[in-house]
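Beneath this line is the structure, given in structure tokens, with notes to follow.
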Amino acid sequence: MQLANKKWTLEEFSQLRKEVLAAWPTGAQVDLDEALAYQKAIAPEKRFVNKLNEAVKNRVTLIQPRAGVPLIAEHIALLKHLETEGEADLLPTTIDSYTRLNRYSDAERGIKESQATGKAMLNGFPAVNHGVEGCRQVTSAVTAPVQIRHGTPDARLLCEISLAGGFTSFEGGGISYNIPYAKNVSIEHTLLTWQYVDRLVGLYEENGVSINREPFGPLTGTLVPPSISNAVAIIEALLAAEQGVRNITVGYGQLGNLLQDVAAIRALDKQTREYLERFGYKDCEVSTVLHQWMGGFPQDEAKAFGVICWGSAAAALSKATKVIVKSPHEAMGVPTKEANAAGLRATRQLISMLADQQLSDDPALEAEIQIILDETRCIVEKTLELGDGDIAVGTVRAFEAGVIDVPFAPSRFNAGKILPARDDQGAVRLLDVGKLPFDERLKAFHKDKIAQRARHEKREVSFQMVIDDIYAISKSRLVGRPRG
Amino acid sequence: MQLANKKWTLEEFSQLRKEVLAAWPTGAQVDLDEALAYQKAIAPEKRFVNKLNEAVKNRVTLIQPRAGVPLIAEHIALLKHLETEGEADLLPTTIDSYTRLNRYSDAERGIKESQATGKAMLNGFPAVNHGVEGCRQVTSAVTAPVQIRHGTPDARLLCEISLAGGFTSFEGGGISYNIPYAKNVSIEHTLLTWQYVDRLVGLYEENGVSINREPFGPLTGTLVPPSISNAVAIIEALLAAEQGVRNITVGYGQLGNLLQDVAAIRALDKQTREYLERFGYKDCEVSTVLHQWMGGFPQDEAKAFGVICWGSAAAALSKATKVIVKSPHEAMGVPTKEANAAGLRATRQLISMLADQQLSDDPALEAEIQIILDETRCIVEKTLELGDGDIAVGTVRAFEAGVIDVPFAPSRFNAGKILPARDDQGAVRLLDVGKLPFDERLKAFHKDKIAQRARHEKREVSFQMVIDDIYAISKSRLVGRPRG
Amino acid sequence: MQNGKKLVLGVIGADVHAVGNQILNHAFREAGFDVINLGVMVSQEEFIDAAVESAADAILVSSLYGHGELDCQGLREKCDEAGLTGILLYVGGNIVVGKQPFEEVEKRFHNMGFNRVFGPGTSPETTIQALREDLLGQ
Amino acid sequence: MQNGKKLVLGVIGADVHAVGNQILNHAFREAGFDVINLGVMVSQEEFIDAAVESAADAILVSSLYGHGELDCQGLREKCDEAGLTGILLYVGGNIVVGKQPFEEVEKRFHNMGFNRVFGPGTSPETTIQALREDLLGQ
């Protein structure tokens, strides 16, 4: 199939569909009409879109954990714990890494070994292997809406099974679930697989079942400048909308400087709406999500609470629609349900205490928002230009050209030329802008900011700064200052 | 002795001193010359004043716990734990409640029962009973400077023993250690006993030994409006300076609205310096302390971490010189050393991550600072007026008149006429201004703010709001909204 | 509407925690009880004198600051001596030093003669419910 | 100044955590080692081929994502088969699912034939020190 940002015909979709469903035996369990009927029977308050729309209206921030274990009963117990003891508003089902790579027989081995050893041998819930029925057991056992969270370049079968399985939201996108999560998969390929996913969601939508879609905002989670993740989120929103998706949550990973974090969420919300409008997707519902710090965490649990709470504050003060919550076990491993619930409760406390507060619209905040809007516009416009107006084609070429460039990404389809580092106030700037299509003013802005820090630290601008910044938060700092 | 804000003569002081030292056998251990020599031998980095002055210079925030257990060895182990595992910059020795009321024989019983049962039967360290030698064991065992923290209306003997015992800072004041901590003790009496303490510190100062003094900022810790605690801090700073104190830390208890908290610390710092200057105490060194939320805490430890972290953020963003740290056990009881250290580490994480950030000086912040400055000025000026220019005499009359009025205070010398409640953004305002000497504009400001909240909550302004606000933080809220 | 029952309320010992006391005072009155509120820093003797004088139905002792165990020793015996045999005795707050298993704490205070023992953060509603059961058989 | 020792470095299995790998690559080179960095998503076969081809002195396996225990099974045996008998094998990162007692984890991986096992957050300096001990006798 030829990549273009154009809504697939039902024919194109149906042709591929057989192949997709045949990839693993559980695919045969999916019957679209039956699935639509099942989805329609789900209570309104258990639908992701309704909870999100209400939160947008009331300007409140919902809280959601990450969580997934290999076996169904344990997974249900985990989710129940998170909604009762963790006071979660929204629930996740995090998929294991084998499933993410379509290695369903390895996942099967993980299930078996988990059953045999009584230990979780997979880092998530293998939804494809558990099939439609297994998913329905999960989604019907809890009272909050449940979302599939993963990192799967080819999530077509996973999406088929999980929507039929009663999940009402599906995370990911052709860029955000490729570049940070794969090494050898071309962007072209994942844009196509995710057009399938979005078309499937569009089909549900056209049949009266609204499903939330959420591009994965934080990308590699490691010093990703806001304009890069915002640009990716906007592009994925446009791609999804073209295929008929109507409810979109755009995301951002907290960086730690409060002003920058609040500015990033505000810019993201505003600019996503603007671009959707511009390309004629006028009935799209947009919400935002802030992820608590996605990079390396401190090992100490009390310090981890510090990081968690600061992320909650950023979410509350930026009025993000929801916040994805970390646990005090983050640096150590997949959290126990108790640790996960503790992270949620700390977050709840902050979100509620800050519900009625917000940063005032002062010139410093306005300036920071403007910088992010300008940079993001440079990237998105250049991408459109490279694709001769087609954002899908443009995206492939933009990655080739380094016009979109994600730091520390494993993918060989990512240029990897930019180097981010913090400025003297801890905002993430660019030490090397690589091939980003920034104008001279923006380039000078970054250069000045980094130079200012270097002067303060009395050292040369160098890669060592980047390394120091990567370790900083796990060492109780934001800016990785030289030691001693 | 007749109360007046006038430096005591050495004669006046010495006359009283004999009586003070005779109140309990350990008083005989104090020899001023020997004590001065002992203090002079303390390493500079172990002196409170040096650490504080350096922090003021570098605009960093130091962290300090509260902690005290009945027995010496256990207390030393506790402090060592807090400096190694808790990364505390400054250490406390919190005094038990019997000692605070000069009930030294009850304290003796507590020591005995603690030894016998192996459980701590006192809520702090009975420094007077342990005597000069006991105190020296403590202060010499640790590397950080140590401060006496208590709540003692008559702390004369305690101060004598602890300064001779090597402590380099002493908390409290004639108002702040009376009104929240006593029921039947007149202000006149405590102003006199604290003139003794301040004169003693002044004597050390004049002999080349600089001791830090810290009025207790949070008062009852329960919805105390910033202008009231700032006015008390300023008055106590003036009283201390007159007796020769030269290093003063003025304090404030976090209220939870970030803008108000930052404004309160900034106003406090500025106005304390202005008043000291105006009355000719030109060589005083001033620093500030923010206390993490001093009212009722949530019982859940994860939620308590949320409150702790938000207090840390307020401290860091207001650039307070130090922050007094709570533990996740706060709602339950005196914390274990592990819980105490955990509170410190969470605080450390936030303070370090926010070290390079600050709120920008926008009009909203400026306006909030101005309100606090204006209100505080009204109170202090009226107090001066009531005392015909004498701030000590004025203070006694101000309490009689309700010109200074602390909410929820146990003291019968406090008018108890004002009622604080939160506004719609969670800032603490006055639902009833009582007899506070506010001008019409200020009165209208408070009225409007509370009315705005009432409208939003669709209920009448009433005492129920106050009750709801008292419980709010322990129920994961800041503003006590009506239920349902 | 008054329910005819009289409570003596106060914070025992050298304890100055005044907030909870003021709220309980308010809540008990709202609930129809007759409250003799002694405030903070109340000695055993003051509790007993007030109860004798008013012919109270119950004494409600608060202790927050940690010395509750020392302060409460012997209160039941002194009540007996004063002729207040069988008077309802409650204690609540942060009644011991530190975070201790509630069951053990409860047992120790039961042994001291308290009819009911309440842990940290007990809501006024819970206490009022208990009083209604014990005094009004509701 | 090169120290003449060759390391094969990579992140095993379906694991894409790239940040630590990039930093280790940088740190080992700075420390004088010759590094063959295979990046992320490296199969056992790729590790072995690279080690055979380069006559490496050690294989350093990273696993962050939790499937380390499944991914590492049989690596030592395959090394033996490929003639890499006795080659130094390290593993590090977040090598199991969840927060588990390190001693037990270490034992399980020792039993799988790893010479050294490193827990979460091990600093490059620690690893370099261990390599110097094991390869250069320092």
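Think of it as A, B, C and D in the order they're written, each chain with its own count starting at 1.
Assume contacts are C-beta pairs under 8 Å (C-beta built on N, C-alpha and C of every residue); 3 or more make two chains touch, one makes a residue touch a chain.
Treat the numbers as computed from the prediction; the structure is a model and nothing was measured.
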item	value
Contact-graph separation of subunit B and subunit D, given in steps at minimum	2
Euclidean distance of C-alpha centroids - subunit C vs subunit D, Å	65
Euclidean distance of C-alpha centroids - subunit B vs subunit C, Å	30
Distance from subunit B to subunit A - Cα centre to Cα centre, in angstrom	45
Pairwise touch network: line, ring, star, complete, or other	line
Contact pairs between chains, per stated definition	A-B, A-D, B-C
Footprint of subunit B on subunit A - complex, ascending	256-259, 298, 300-303, 305-307, 309-310, 312-313, 341-350, 352-357, 360, 362-365, 424-426, 473, 476-479
Complex contacts: residues of subunit D adjacent to subunit A	13-19, 22-23, 26, 39-41, 65-67, 69-70, 94, 96-100, 120-121
Contact set on subunit A toward subunit D in their complex	96-98, 100-101, 103, 106, 109-110, 113, 119-123, 151, 180-184, 220, 222, 295-296, 299, 329, 331-336, 339, 408-410, 463, 467, 470, 474
